[in-house]
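Which chain is which? They are A, B and C, in the order written, and residues in each are numbered from 1.
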Amino acid sequence: MNEDRRNLSPLLLRLGSVLAGLLAWHYAAEVLIKDSSILVSPLVVLSKAYEMMIATGELYPHLFASSVIFFYGFVMAILVGVPLGFLMALSPLVRDYVNPWMTTLYTAPRIAFAPVLLLWFGIGAGSKVAIVFLGCLFPVLINSYYGMRVVNREYVELARSYRLDRWALFRKILLPASVPYILAGVRLAIGRGLTGVAIAEWFGATEGLGYLIFFAGQTLNIPVLFVGVAVFAVLGILGFEIVRRVEIYTTPWRGQAQGG
Amino acid sequence: MMMAGPVLELRNLNKDIPRPGREPFAIFNDINLSVREGEFVSVVGPSGCGKTTMLRVLNGLLPHSGGEILLDGKAADQVSDQLLMGFVFQGASLLPWRTSLKNVLLGLEGRGHNPQEAEQVAKKFLDLVGLNGFENHYPHELSGGMQQRVNLARALAVNPRILLMDEPFAALDAQTRSFMQLELLRIWAETKKTVIFVTHMIAEAVLLSDRVIVFSHRPGTIRSEFNIPLPRPRDMDIKSNPQFLDLENQIWKQIEQEVKAAGGFAQL
Amino acid sequence: MTFFPVRKEITRGAISIFAGVALWEILARALLENELLIPPPSSVASTFWLLLTSGELNRHFATTATEFIYGFSAACLVGVVLGYLMGMYKWFDEIMDPWMAALYSIPVIALVPMIIIWFGIGIFSKIVVVFKITLVAIILNTAAGIKNLDPIWLELAQSMRLSSWQTTYKIRLPGALPFIITGMRLGVGRALLAVVVAELMASNAGLGYLLRDSSETWDSPKLFVTVILLAVIGLTSFNLIKRFEQRMAPWRQTAEWSADS
């Protein structure tokens, strides 16, 4: 019974904190700042969310559009990033040639490339997918590279002593062992990918969650703005949770998923 | 040369951990021990018997559940804020962001010492443990044996009344361990500190101590005490001395019995 | 061959970049009719020189830099304090946790419109943006650092009878420092992105403004100059902090590439 009590208390604190925050928000919106172009009460946001999701369903086309772009960019990034990362880890030649580009592109703020990509690929879906792709690629690439490198060092001797050939070594040892690293990169890619979606829909989009937020921002439509942001937050949390589940499923030997 | 009374006296000391809705988990019971000034006392016993816990209780890291601790005749609680114990940890407990000199200075800082004096004291102790010239090295630049020596210097620098050592050499390889044992004998002879030394290695206990205390299995009590009348200064040759071997054997037999009584080795 | 391993890496890297730039120049010249699409490096370089000497570049750079520095430093100060409290007091950690999780999951860019609406178009709103974005990274990492202190150090503090202030100052904060600096490194990338986004959205000055201006006026060379400059800034700040990280915590094996956002 004491165990239950100990588990209840942090939960209570968290709920209490959220509730207190919401109350303060409501108070600030309704009583302190009565300007609905600056802040609206959470109740207004909720009713707007209801309206957009259930009453008119106008949220869904935007959600769908954004999801498609995210999906394409994300998957492509994994398909390119993981093998390339492995290649870099196993071949110093590849690594040295790719490295400078990787460092530069990785540390530069992605939004700087958006106008350029727009220039090249036009306003259509292509440039948007490219932005998401760029955002997702590097965490996956870098983590796959790093993971494979670490694993390679540790297990290469083990494999040699068991006389495993290179392909078996790769398949049986290196690949499973680098999965946690890859997943850590995937987790980051989700965050960056979502940001990428928002960035991509900033320029010349007519639909999508990012477009929703910016348009709402331009027209000072705060309720819609908040709904958009909330949806992003939910997607982000959902994404992390999915990756966590995948991690637990594919690497049951680890005690706990590593924090993102 | 005999002091008026013992430096440390433990009377009916016990420690247990309360468990809600169940009997408290007894760690050690009825510890009665008297330690004279300048004495080197080792404590051995089966794993989990509570000897390390007792050491940490003495150091003030844990509260005791019953009985008394007397330091120079005064109750320990009354003097708990004074730095009377020097504790040598088992593992690397050096602060990695401080050089060995600054690590040793940790206990001296903020106690009203003149900084230059404190530094001299620290240097002196580093020299004593044989690390002259390594004052500005960081822990990650030192070997395991060297780190333990800094550990020792740090504990000594605060001029403690009693030095408590918790299996300080357990993490070292056998060779380094042997060298460190000899070093400890030398340093102890020079500083004349009162030492309580917990270890698993019986030969180590017999080599270093004036007295060896044998703990029973958990809940630990003092099963027996062995005086070690071997002459000092000692070196590795004494390990072939028949009296040494005999003592070692007797102690080992007792521990063996304790382990059996606790349910066998597999239970440890 | 193993004489100067470092040199080999640098040589290959240099070759790679040089080849890239050369390829760029050739392609751009060959597709001359589409010069708007890919300005050749030579024209980019000359535009760069022009902007630099006219002082225009400096002005915008200074604006962005100011916004960044103020926001970042403020966030470090506040973040370390809050993170420390979160690390030390479980109840505070529990209270802050849902908000931290929410702030962290919302993409940088979704928060910017709100902040601009609230704080206007000027420099201050950008400072707030940088502050907010960096804050989360610093708080979370400081808290992690405090929570992950080796317990033996705290035992040591107790053993040495250090006061709680001394323990905080001599043991907790230095012990958590590697984590804090990692937090700074994570924050830098995100903050840089945020400030550019904010300027892009609504401002009259700064590199983000330059980005929008040059893309709206189809001034490709200028656009490329801005993009490259931003990339260089990103690269430099990343390397600076990594260098700093290694100097401050030489005993920690910081991974060459750590996962970060």
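Definition applied: a contact is a pair of C-beta atoms (placed from the backbone, for glycine too) under 8 Å apart; a residue touches a chain by one contact, two chains touch by 3 or more.
Keep in mind that this is a model prediction, so the values were computed, not measured.
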Central chain (by mean CA position): C
Maximum centroid distance from chain C, chain identifier (CA atoms): B
Length of the line joining the C-alpha centres of chain A and chain C, rounded to whole Å: 18
Distance from chain C to chain B - Cα centre to Cα centre, in angstrom: 49
Centroid distance [mean C-alpha coordinates] between chain B and chain A, Å: 53
Chain A-touching residues of chain C, taken from the complex the two chains share: 8-9, 12-17, 20, 36-38, 90-91, 94-99, 101-102, 105-111, 113-114, 116-118, 144, 189, 192-193, 196-197, 200-201, 208, 211-212, 214-215, 220, 223-224, 226-227, 230-231, 233-235, 237-238, 255-261
Contacting residues of chain C [partner chain B, same complex]: 152-153, 155-156, 158-163, 166, 170-171, 174-175, 177, 249-252
Chain B residues within the chain C interface of the complex: 59-61, 81-83, 85, 87, 89, 91, 93, 95-98, 106-107, 109-110, 138-140, 158
Complex interface listing, chain A residues touching chain C: 10, 13-14, 16-18, 21, 37-39, 93, 96-101, 103-105, 107-113, 115-116, 118-120, 139, 142-143, 145-146, 184-185, 188, 191-192, 194-195, 197-199, 202, 210, 213-214, 216-217, 220, 222, 225, 228-229, 232-233, 236-237, 240, 259
